[in-house]
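Down below are the structures I want you to see.
The same chain A turns up in both complexes below, where it pairs with chain B and then with chain C.
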Partner chain A sequence: MENIKEILFFLFAFIMTGSSVGVIMHKNPVKSALFLVVFFVSLASMFGLLGSEFLAVLQVLVYVGAIMVLFLFVIMLIAVRDENFENIGSRFGKTMVVSLLITAFLIQMTALVSVHFKNKIDTSAGYERTIDASANIKITGHAENISFQLFEKYLLPFEVISLVLLVGVIGAVVIAKKNRRKLE
Partner chain B sequence: MIISEIPMSYVLILTLLIFSIGIVGVLTRKNIIVIFMSVELMLNSVNLLFVGYARMWKNLEGEMAVFFVMAVAAAEAAVGLALVISIFRTFHTVDITKIREMKG
Partner chain C sequence: MEWYESEIIWVLIKILLLFFVIITGAGYYTLMERKGAGYFQLRYGPNRAGIFGIFQPLADGIKFLLKQETLPKNVDIYLFLAAPAISVITAVLLWSSIPFTPLIKLPVEVLGKSEVNLQVLNPNSGLLFLFAISSLSVYGILLAGWSSNNKYSLLGAVRSTAQMISYELSLSLSIIGVILMTGHLDIYRIVEAQSKYGWFLLTIPGFLSFFIFIVSVFAETNRLPFDLAEAESELIVGYHTEYGAFKFALFMVAEYINLITISFLTALLFFGGWNVPFFLREMLEGLWWGPLVGVLFFVVKGLFFAFLFIWVRWSLPRFRYDQLMNIGWKYLLPLAIFQIFLSGIYLYIK
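Then we have the complex of A and B:
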């Protein structure tokens, strides 16, 4: 019972990693999109595990409910064929460059993480700083606190973001509209 | 009441892993839609990092950042997918290696 959150963390981390590998490895874009749905749901569970349940609900609503439906709709609208990976060996140089870059990035970031937490161990009485989900539940995470922040401190960004969404919707309609006469 | 704790380094390493997977997807795939999905993976891994640090410092700023990132990602997905439809109408393909209008 003591480390049930840790077990859940590892479970969701496993699902997230596996499904994101599935997103980038699967030939069929529809199945990639479904892997991405699994990823979003497990990420929402992870948000809930870390204690911000409002963002967990928002993640499911926005990503699974809106963005993934849009993705699947577009995949359905345009006839997408399976990607063939057979000629990936012919682009050997590019693949080598990509894998070298990723390895360098991983090594650098892991070094950064270890240095960061070595400093943390020095400052915080011998143990690593941890994410304490239930002690500060009154401070963060609740929809009430987030809405107070949203309408007091972040009122201007909130209005700007609504404008951005409006412009996005209008722009999407204008871009996707058929204008055959202009093209021909 | 048991206060369960998750070390912050776990969250950081998970974020790192998923961000790297997203980069690999962007750089290696040829289908525009799958590249978009990889970009979404990267955005979401950074969201996870924001939430982790917000919980660590007991601060709401990180969660507000996630809120705004989600809104911008929604707008970005709408415009991006409209662009994909437009590209498909013009070139009759979504394979980025076959779109060579502006190739020098």
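Then we have the complex of A and C:
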């Protein structure tokens, strides 16, 4: 079971690295945003692996389901064309980046497998698991725990943060309104 | 270790069973819709394939499979092909955490199991998990509209995305009343709580939240009277104009699966799920097949809501787009927030 967890961790880590490279490298803004969506989904799976299921679900619900949809929406509405952006790096460079990532991933996986293989033969080898956090963190996964923490222990910081968000929203509205008046 | 002791095998069996049910269910739901449409319009509906058109979904499926696969020019090929897949995947994934039966205690141990229920996984944050998955279904529509390189498709996709974002707010808020009254996100416990307190529909905040829920659900699933994304008369059919053959079938299947999911979810959240009426409860006490009678009630409730979608579709005309947005933001959202307060007060008094 732990083996599967470790393999999944490296798989998601690989996807996350690859997609975050995609976000900054891709010429097309819509595709860049989609890479960010992939990144968020694999980040959520990472939270899930660490036993924090609630956080994983919230990550998908808020970032992927709401914020990124709005991003995509705006990008599609203003219809940005590919030609507006210059191509970052040649085709060769891009291929190099992708192949480097894949090589790194393969090396990681073979290292992982070989370590486990060694462990099976020689149990005295001083190998420690890198991701053992799941045992301790399991309890934070529950919605009740998180809400008790937020609304009892950290009530004041929580409210202050929501106030900051409110200020941000009002600020955005004010800025947008000002520009509109000028245009008219 | 025998094969049946492995938990993974059981999960796989459940998944296969549910998948079969989903696909046939979606197929026969289309038949139900066409028969219903025929009934509402005083005509027969499909009646050629088999008696009462019972083989019509099968014939439709074969037709979609045998059609020529066409690919329009200048489409973004990866996204164009990914979009129907995303729609179906999110629709099917929703079924993973819906409990279709309560825990059934078997009289004898069958293959080393004494308790069975038909639910693939039971996430800690049950309802939130469902909403997170269903919020992903926007991507199927958005990508389909954008990648097909067609103005009508893009307009349809943009329309439906705006609509879904607006109504998702009131949809998620409407659930809070139910969650407050149960104190749990787990659907299983929400249903169990209703055996104690009665249907949530019959409480004051519960009724309000059901009202908001059912209106937002019609908008979320892009059904008439809110089907502006597909409006045949103005947008051809919106986001799936360019899709043909099996890719189109996937979109249709996803839509009908979503409808079935929502109908069963409504039955679970507001209508007591598999709880039986009080006069049957004592009779079924202690019988091992007692829960199965409850499941029968649950399926009947679910099918009633499935019929409700058809009923409304063929009875009401379409809204105008600005009216739709007005209803969403100016009426439903404040009402949903009011409903949260109301359920708080209700709980306090109780």
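In this section, the second predicted complex is superposed on the first by the 116 of 184 C-alpha atoms of A that agree within 3 Å, B and C clash if a C-alpha of one lies under 4 Å from a C-alpha of the other, contacts with A are read in each partner's own complex, and residues count from 1 in each chain.
Quick note on the criterion: a residue touches a chain if its C-beta (ideal position, glycine included) is under 8 Å from a C-beta of that chain, and two chains touch if they have at least 3 such contacts.
Please read these numbers as outputs of a predicted model, since none were measured by experiment.
By the touch criterion defined above, A:17 reaches chain B but does not reach chain C. When chain B and chain C are set side by side, the one touching more residues of chain A is B.
Shared-chain residue A:77: touches chain B and chain C both.
Within the superposed three-chain model, A:47 lies in touch with chain B and out of touch with chain C [touch as defined at top]. Of the two partner chains placed by superposition, only chain B is touched by A:4; chain C is not.
Contacts of A:37 after superposition: chain C is touched, whereas chain B is not reached.
In the superposition on chain A, A:69 contacts chain C only, with no contact to chain B. In the superposed model, A:60 makes contact with chain C only, not with chain B.
Residues 54, 58, 66, 70, 77, 141 of chain A are contacted both by chain B in one complex and by chain C in the other. For chain B in complex with chain A, the residues that touch the partner chain are 1-14, 16-18, 20-25, 27-31, 33-34, 36-38, 40-41, 44, 47-48, 51-52, 54-56, 58-60, 63-64, 66-68, 70-79, 81-86, 88-90, 94-95.
The residues of chain A lying in touch with chain B in their complex are 1-6, 9, 13, 16-17, 20-21, 23-24, 29, 32-33, 36, 39-40, 43, 46-47, 49-52, 54-55, 58-59, 62-63, 66-67, 70-71, 74-75, 77-78, 80, 83, 88, 95, 98, 101-102, 105-106, 109-110, 113, 116-117, 128-136, 139-141, 145-146, 149-150, 154, 157, 161, 164-165, 167-169, 171-173, 175-176, 178, 183. Within the complex formed with chain C, the residues of chain A that make contact are 30, 34, 37, 53-54, 57-58, 60-61, 64-66, 69-70, 72-73, 76-77, 141-143. Listing the residues of chain C that touch chain A in their complex gives 79, 123-125, 128-129, 131-133, 135-136, 138-139, 142-143, 146, 154, 157-158, 161-162, 165, 168, 185.
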